[in-house]
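Let me begin by presenting the structure, written as structure tokens, before commenting on it.
Chains here go by letter, A, B, C, D, E and F, matching the order in which they are written, and residues are numbered from 1 within each.
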Amino acid sequence: MGIKLEQFKAERRRLNDLVLSTENTHIKRFFTLDNAVYSKGAIPVKYKEMLGLVASMVLRCDDCIAYHVDRCFEEKANKEEMDELMSIALVVGGSITIPHVRRAYDLWDELAKDQADKSV
Amino acid sequence: MGIKLEQFKAERRRLNDLVLSTENTHIKRFFTLDNAVYSKGAIPVKYKEMLGLVASMVLRCDDCIAYHVDRCFEEKANKEEMDELMSIALVVGGSITIPHVRRAYDLWDELAKDQADKSV
Amino acid sequence: MGIKLEQFKAERRRLNDLVLSTENTHIKRFFTLDNAVYSKGAIPVKYKEMLGLVASMVLRCDDCIAYHVDRCFEEKANKEEMDELMSIALVVGGSITIPHVRRAYDLWDELAKDQADKSV
Amino acid sequence: MGIKLEQFKAERRRLNDLVLSTENTHIKRFFTLDNAVYSKGAIPVKYKEMLGLVASMVLRCDDCIAYHVDRCFEEKANKEEMDELMSIALVVGGSITIPHVRRAYDLWDELAKDQADKSV
Amino acid sequence: MGIKLEQFKAERRRLNDLVLSTENTHIKRFFTLDNAVYSKGAIPVKYKEMLGLVASMVLRCDDCIAYHVDRCFEEKANKEEMDELMSIALVVGGSITIPHVRRAYDLWDELAKDQADKSV
Amino acid sequence: MGIKLEQFKAERRRLNDLVLSTENTHIKRFFTLDNAVYSKGAIPVKYKEMLGLVASMVLRCDDCIAYHVDRCFEEKANKEEMDELMSIALVVGGSITIPHVRRAYDLWDELAKDQADKSV
């Protein structure tokens, strides 16, 4: 594992750099704001990332889902919490979200296996 | 206050009864499942309701928003948490969510005033 | 009944007339095409209206839903078929469609009662 | 006329004030950014408002549509331009946008009549 | 042909197995319900699959489209019916559905050629 | 460059031919209308393509975005105008559009480099 996620992250970084090389300040400010809303506050960071993930699930955006699944994993969300989040996304968003649920589970499985490998 | 929310709840109940008077078991099972996913589990109920709310915000469904704002209030989410949730919904879903943000704040304000009145 | 649906139809007619008073031929052609696709063909008209209804349900457009529920009723779709269509819309589109399912059932109920009254 | 639009604007102002009474800086910054992107730049303001309107049409947000129709009118967009914009919205977004096209034409008609009355 | 569709089906099966290895009963129940709504009832199975397909078209979900195009083909929908369904999806959902219309026709073409090859 | 865009265009042409080989006149008429709305009129063609692009951005359709980015470039929209259009798309559609903003900038960058190479 790691490889697919690393490629995704590298491409994401390359394109973010391209976008942010603009002189348009509105675009830069939006990107700053996009980071800021997930930072520490009254809601713990783990739950903020889960809010970002469920929103990405029902709006069916694979890149956004990959980003927030990875962040939820980093913030120590566990499999049971992921299952419950996914059940809410499924019920709110319907079967149209299933292809994204599948890919989210695939990534989670990779992250879990990767962690298990490292801890051996 | 109370009145507008009570009317919404009464109409919601009347129509849910009408829908559930069907003999179609699939529809009934969906409604059962819709309740079940927000029940107690690894994720505390308050955060589950917040997941339901942020999903409703970005999908821009006023009835769903009213329901989950009310439930978040019942589960003792505070104003600061609501603000943070709304900032995430705004950034993920964009300015197109603003009319719904406005109405969510209006309802929250009514719930807070109603509670303040009762506690006098 | 009848009254609410009649008001909806009258307002719809008034506004369609306003839109179609334009000299823009593209808009007129779109409206023509919009009627044409539901006309008689390989798929029976009743099922075409059901296709239009399920699409309107998952896209959550109340005016479109009211129009197609009325047309399905005219084309003699029965309650059992409506239930099955709604169960598909619910599962594909998720709980976010529930407010629209409620209003669709409300209209169907009015149409059925109205017909029952007339047949007395 | 004027009355309906004035009521919409007054309610919009009341709720914006309520939202912006928050201490959450992210929400305030989003609202600031939302104004800034339509300000003078390489694209003339009239066309920026038209970009905002077509985006609001295909995303089917009535409040956003009312706001941008009013702004396009203020920026001296003419009926022929409105027709062409609406034909693009209709073709890109499909018949599901028709209820919003209807209401946009209704508001435009009111604005035009109101202006004609004043110029007598 | 067959190959691309077979790969899609194999990956779909692998990931469904991964999702359904969860102990979360809500997710399992949703998947059960998702199958159940397309089963035999008042609406013939062929038309139920067509309802699923048109909903998937207007919601623009390629995996869902591939699944239901394949199922419609199995249920003996013919090309003329597919054309009519696609014309409704195009008009309701707009030009934004065109990339999905293209891919649906590509898959249908493959299924038809594959069947012709077998029948030689 | 050129290669990726050329492949996209060739595949697009192949599939459009397949779709338009249908005998269904409604589908053909929709495609004709889809071309017609961007043709010369009261709104200059460059701005019509920009309307098409911002609509495609907020509806998050990559194929539609690639088509309209290419057309905007052909119609001599400049980088500053693209930046302003993208800032509007970002603010209206939210962070969920960011993956599409990234890919739009990637294509624009390729078009600009390709043009620079040719002009040497």
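Just so it is clear, contacts are C-beta pairs under 8 Å (C-beta built on N, C-alpha and C of every residue); 3 or more make two chains touch, one makes a residue touch a chain.
Quick caveat: nothing in here was measured; it's all calculated off a predicted structure.
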Query raised in the report: Shared touching chains for subunit B and subunit C?
Result: A, D, E, F
Requested in this report: Go ahead and align subunit B to its copy subunit E using Cα positions, then give the rotation in degrees, nearest 5.
Outcome: 180
**Report entry** Between B-F and A-D, the pair with more C-beta contacts
**Finding:** B-F
Query raised in the report: CA centre of subunit D versus CA centre of subunit F: separation in Å?
Result: 24
Query raised in the report: If you average the CA atoms of subunit D and of subunit E, how far apart do the two points sit, in angstrom?
Result: 38
Query raised in the report: Can you give the whole-Å distance between the Cα centres of subunit E and subunit F?
Result: 28
Query raised in the report: Residue numbers in subunit D touching 2 or more other chains?
Result: 26, 30, 33-34, 37, 55-56, 58-59, 64, 80, 83-84, 87, 90-93, 95-96
Report task. Note which residues of subunit B are touching subunit C in the complex, please. Result -> 12, 15-16, 18-19, 22-24, 26-27, 30-31, 34, 55-56, 59, 61-64
Query raised in the report: What residues on subunit A touch subunit D, complex-wise?
Result: 26, 29-30, 33, 36-37
Report summary line: Contacts from subunit C onto subunit B in the complex sit at residues 60, 80, 83-84, 86-87, 90-91, 95-96, 98-99, 101-103, 105-106, 109
Requested in this report: Using the touch rule from the top, collect the residues of subunit B that touch subunit A in their complex.
Outcome: 33-34, 37-38, 41-43, 47-48, 50-52, 54-59, 64, 78, 80-81, 83-85, 87-89, 91-93
Report task. State the interface residues of subunit E toward subunit D in the complex, per the touch definition above. Result -> 58, 90-97
